[in-house]
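Just dropping this structure here.
To keep things simple, chains are lettered A, B, C and D as they appear, and every chain counts its residues starting from 1.
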Amino acid sequence: MSDQMLVTAARLLGDGEVCVAGCGPARRAARLARATHAPGLTVLGDDGTVDGVPAATAGAAEFAAYWLQGGRVDVGLLAADQVDAFGNVNTTVLGEYDEPTARLSGAGAAAEIATGAGRVVVLLPHRLSAFVERVDFVTAPGALTGPLDRAQVGLRGAGPVAVVTDLGVLRPDPATAELVLTEVHPGVSVDRVRAETGWPLEVADEVGVTAPPTAAEVAALRAG
Amino acid sequence: MSDQMLVTAARLLGDGEVCVAGCGPARRAARLARATHAPGLTVLGDDGTVDGVPAATAGAAEFAAYWLQGGRVDVGLLAADQVDAFGNVNTTVLGEYDEPTARLSGAGAAAEIATGAGRVVVLLPHRLSAFVERVDFVTAPGALTGPLDRAQVGLRGAGPVAVVTDLGVLRPDPATAELVLTEVHPGVSVDRVRAETGWPLEVADEVGVTAPPTAAEVAALRAG
Amino acid sequence: MATISALADAVDALVHDGAEIALEGLGASIPVAAAHAILRRRPRDITLVGTAPGPAGDQLVGAGCVTRLVFARLDPALHRIRDALVAGWPAPLEIEEHTQAGMAARYVAGASGLPFATVRDGYAGTDLAAVTNAATVRCPFTGEELTALPALRPDLAVVHAQRADRAGNVQLGGVPGLRKEAVLAARKALVTVEEVVDELEPEHGAVVLPAFAVTRIAVVPAGPERHPGADPCDDGVDLAWAAVSGDRNRFTTWLEGIRA
Amino acid sequence: MATISALADAVDALVHDGAEIALEGLGASIPVAAAHAILRRRPRDITLVGTAPGPAGDQLVGAGCVTRLVFARLDPALHRIRDALVAGWPAPLEIEEHTQAGMAARYVAGASGLPFATVRDGYAGTDLAAVTNAATVRCPFTGEELTALPALRPDLAVVHAQRADRAGNVQLGGVPGLRKEAVLAARKALVTVEEVVDELEPEHGAVVLPAFAVTRIAVVPAGPERHPGADPCDDGVDLAWAAVSGDRNRFTTWLEGIRA
């Protein structure tokens, strides 16, 4: 994962919030936030650990029931293998479920984070193979197929509010729930992002450019 | 509670068994068993404590779910305010529920012990006011109204296998589920028991006499 | 995220007329100081939820703060609650009675974001099922019928704990009871502690609530009756309270003293 | 009540063909030694239950002991499981896939003597609900529809723990995962420990299983890869295993070595 991607994700986490982050880039981004602008961020592992508070570590059952399903998590960071135009996340299979071309990691805690957390930030490298019009398998619900679907199915939480990649940031259009390119990382062109996206990508009227990692962020990443 | 009553109850607990005993005479009887013939008896409090194993103390929620409802308790000791011919226990009210003549302690954990534990031993002083044909309120199910009722309602566990009082021991007739006087304490007459029982009490063909407390039992009671 | 403040301030901020308030804790963990602070706040029309309400619940009922009591066990010493139930003094008291396992499951469901709890024991075959708030649910896999109970989601949970660290993580200590479940089921939580320490030391059976699950922490002196390691069957607290609770006049004088 | 015995004896006594066996534990708590002992026992037709089966589960599948796998997460290093799924080597593998929260709730229901668990998240709105064993249940109080999952009641749970005392009480230590829930859900439980001590010292987050909930305890040496305090995100164990797992021949040679 690029530093730019991690710092961009970290900046979406607020001081004083409770976030959940599985192992890997999600946890690195969360720890980076706490080491920089959000010292009061609580970082939960999906295994029930509380980052830096060994006394408060509970098991995965308590994490799932009391913290996530109980509505105590503000934001979840999800690493995805595949994402689609409505922010649905696939980490289960490529191809058909019964005869997959690739068997991925499965749901883990991603599905419950996608609806149990107040909002979700999705992390993945921006590649054409991973940015598809419709995911092969909905592991963790985004907007499903439109702006009203989550409510109709009875899902809580806002779902993915940002998809952070190594090229930029996509956010759902409130009217259509479809992902829109809102920011590119320094030096990345909109055309390059379009070329790596498997559907006709909507682009914001004014595409921002993310701030490069600060010296403090880089230092924290190296230390963390 | 008389020593005779406590030792009689304690002798019904087997070495290596798991028992649950609320505070009061039930806990004293259980501790007595562990101090004498049943050193391998596990004594659980209905609050989730494990007698003598502070490390294993859990909360009341885990006690209720994992140990009792989960089927890990062999025997429960219940202190009753009122008991009837079918071994049903009342600790809720005397008189009508909405306008009681006396408001008792309520169910506490008695109701779930009566069906969650493998078998139950009921403890109470033998008084006419407490030994009634039909309890005013079924707090903890005995045989309800006959030998098939527990199974019909879907209750697990054998229910009360003995009612131990300060006069003797009553046990359910396997055929009728009605309590039968099977033992009297030394010096107690069957007539006295009948006089303190509010229904026509069945008496075993051969009524045993409980052994008096041994020196070891008395010593353990004084120490405990 | 937990903030540490004076007890009276915490009670002012969190206790409101008409609120549903859970009080949990047994023996040395009864939230005595918090109950007294609530008495001084004089709330009205409280729904009090307490598996075994204990002296603290008895005091709130006796002071007329409570219109509805949800409970599983009334210890013999609680004469104020019985006086309200039987004689309507100082005011009638509505009750909703459950089993201890039922209360536990209801808190756990509330803490878990579920609308109901499923239990097997404690209602079927008893006379309680007919006089309380319970229903049935059928297992979609086995067809078995089980008892369903509505989740508890109190507006506020009030519990006592041994200590907190400066970040607001709370170590309960003592007999756990249902303190943790009540705090996690409640929308807000007030925890009294006896000390605030730099670092929590591990302790057998000591449940730790993370700071994000606690609203307010207030430090209170450890009363003479508090011995966290004491035999949970020691009913010394209750017996001492029974003498006050057993008499309306003594209670009224006691209450004036608390509120003075 | 727990008895302490040699690992091979415990496995002989508890592992049977056709059994449903739960393996839980992450990182330093993966029951590596027990998995090897089971490999030597060569059971057939096992249903393996593991939230994140890890190298231990991968080995049992690669050895052809497992016909059915119940899981929530397959780490990338587990090539033997993928080979069985995609190529049917060494034998086809049936799967039942769940979410982590679903597995947790299913164990909790089994441990609690209930036939089903109720969850809100993880199935509704996903494609998983249609391909796994899940149903719906309606709250009798609010009318809400929720997901119902069948309880897990494995024949045997196998977990690794830090230590036990001589009475057989087990202190899990390390990242809890779902070890406790699996042990309590299972009909029998085999726990490997690194030491047996006179008295358990308190430890933050260390869950203690009472002796009556454990069937057999076996002492195993702490492997070099075991660091209970290690970062739970450290995937060193998995990476080392990936090299063996990634190649059928290397795995076969490895398996022969384990069984020699």
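Note that in this section a contact is a pair of C-beta atoms (placed from the backbone, for glycine too) under 8 Å apart; a residue touches a chain by one contact, two chains touch by 3 or more.
For reference, the UniProt names are A, B = CoA-transferase subunit beta; C, D = CoA transferase subunit A.
Here the structure is a predicted model, which means the values were calculated and not measured.
Novice: Find the geometric centre of each of chain A (CoA-transferase subunit beta) and chain B (CoA-transferase subunit beta) from their Cα atoms only, then give the gap between the two centres in Å, rounded to an integer.
Specialist: Taking the average C-alpha coordinate of chain A (CoA-transferase subunit beta) and of chain B (CoA-transferase subunit beta), the gap between them is 57 Å.
Novice: Indicate the whole-number Å distance between the mean C-alpha point of chain A (CoA-transferase subunit beta) and the mean C-alpha point of chain C (CoA transferase subunit A).
Specialist: About 39 Å, centre to centre.
Novice: Roughly how far is chain C (CoA transferase subunit A) from chain D (CoA transferase subunit A), going centre to centre by Cα mean, in whole Å?
Specialist: 37
Novice: So, what's the distance in Å between the C-alpha centres of chain C (CoA transferase subunit A) and chain B (CoA-transferase subunit beta)?
Specialist: Distance between chain centres: 28 Å.
Novice: Taking each residue of chain B (CoA-transferase subunit beta) in turn, which ones touch at least two of the other chains?
Specialist: Correct list: 55-56, 65, 69, 116.
Novice: Chain C (CoA transferase subunit A): which residues touch two or more other chains?
Specialist: As it turns out, chain C (CoA transferase subunit A) has residues touching two or more other chains at 108, 113-114, 119-120, 144, 200, 202, 204-205, 208.
Novice: Chain touch graph shape: choose line, ring, star, complete or other and state it.
Specialist: Graph shape here is other: it fits none of the named patterns.
Novice: Throw together a list of every chain pair that touches.
Specialist: The complete list of chain pairs in contact reads A-C, A-D, B-C, B-D, C-D.
Novice: Spell out the part of chain C (CoA transferase subunit A) that touches chain D (CoA transferase subunit A) in their complex, as residue ranges.
Specialist: Residues in contact with chain D (CoA transferase subunit A): 113-116, 118-120, 135-137, 139-142, 144, 146, 148, 150, 200-206, 208.
Novice: Please give the residue numbers of chain A (CoA-transferase subunit beta) that touch chain C (CoA transferase subunit A) in the complex, ascending.
Specialist: My answer: residues 16, 18, 40, 42, 50, 53, 55-56, 65-66, 69-72, 116.
Novice: Along chain C (CoA transferase subunit A), where are the residues that touch chain B (CoA-transferase subunit beta) in the complex?
Specialist: On the chain C (CoA transferase subunit A) side, the touching residues are 26, 51-52, 71-76, 82, 85-86, 97-101, 104-105, 107-108, 119-128, 131, 144-145, 175-181, 204-205, 207, 232-233, 235.
Novice: Looking at the complex, which residues from chain B (CoA-transferase subunit beta) come into contact with chain C (CoA transferase subunit A)?
Specialist: Residues 23-24, 27, 45-49, 54-61, 64-65, 68-69, 92, 97-98, 100, 103-112, 114-116, 137-141, 144, 149-150, 153-156 of chain B (CoA-transferase subunit beta) touch chain C (CoA transferase subunit A) in their complex.
Novice: Over in the complex, which chain C (CoA transferase subunit A) residues touch chain A (CoA-transferase subunit beta)? Could you list them?
Specialist: 1, 108, 111-114, 165, 167, 169, 171, 184, 200, 202, 208-213
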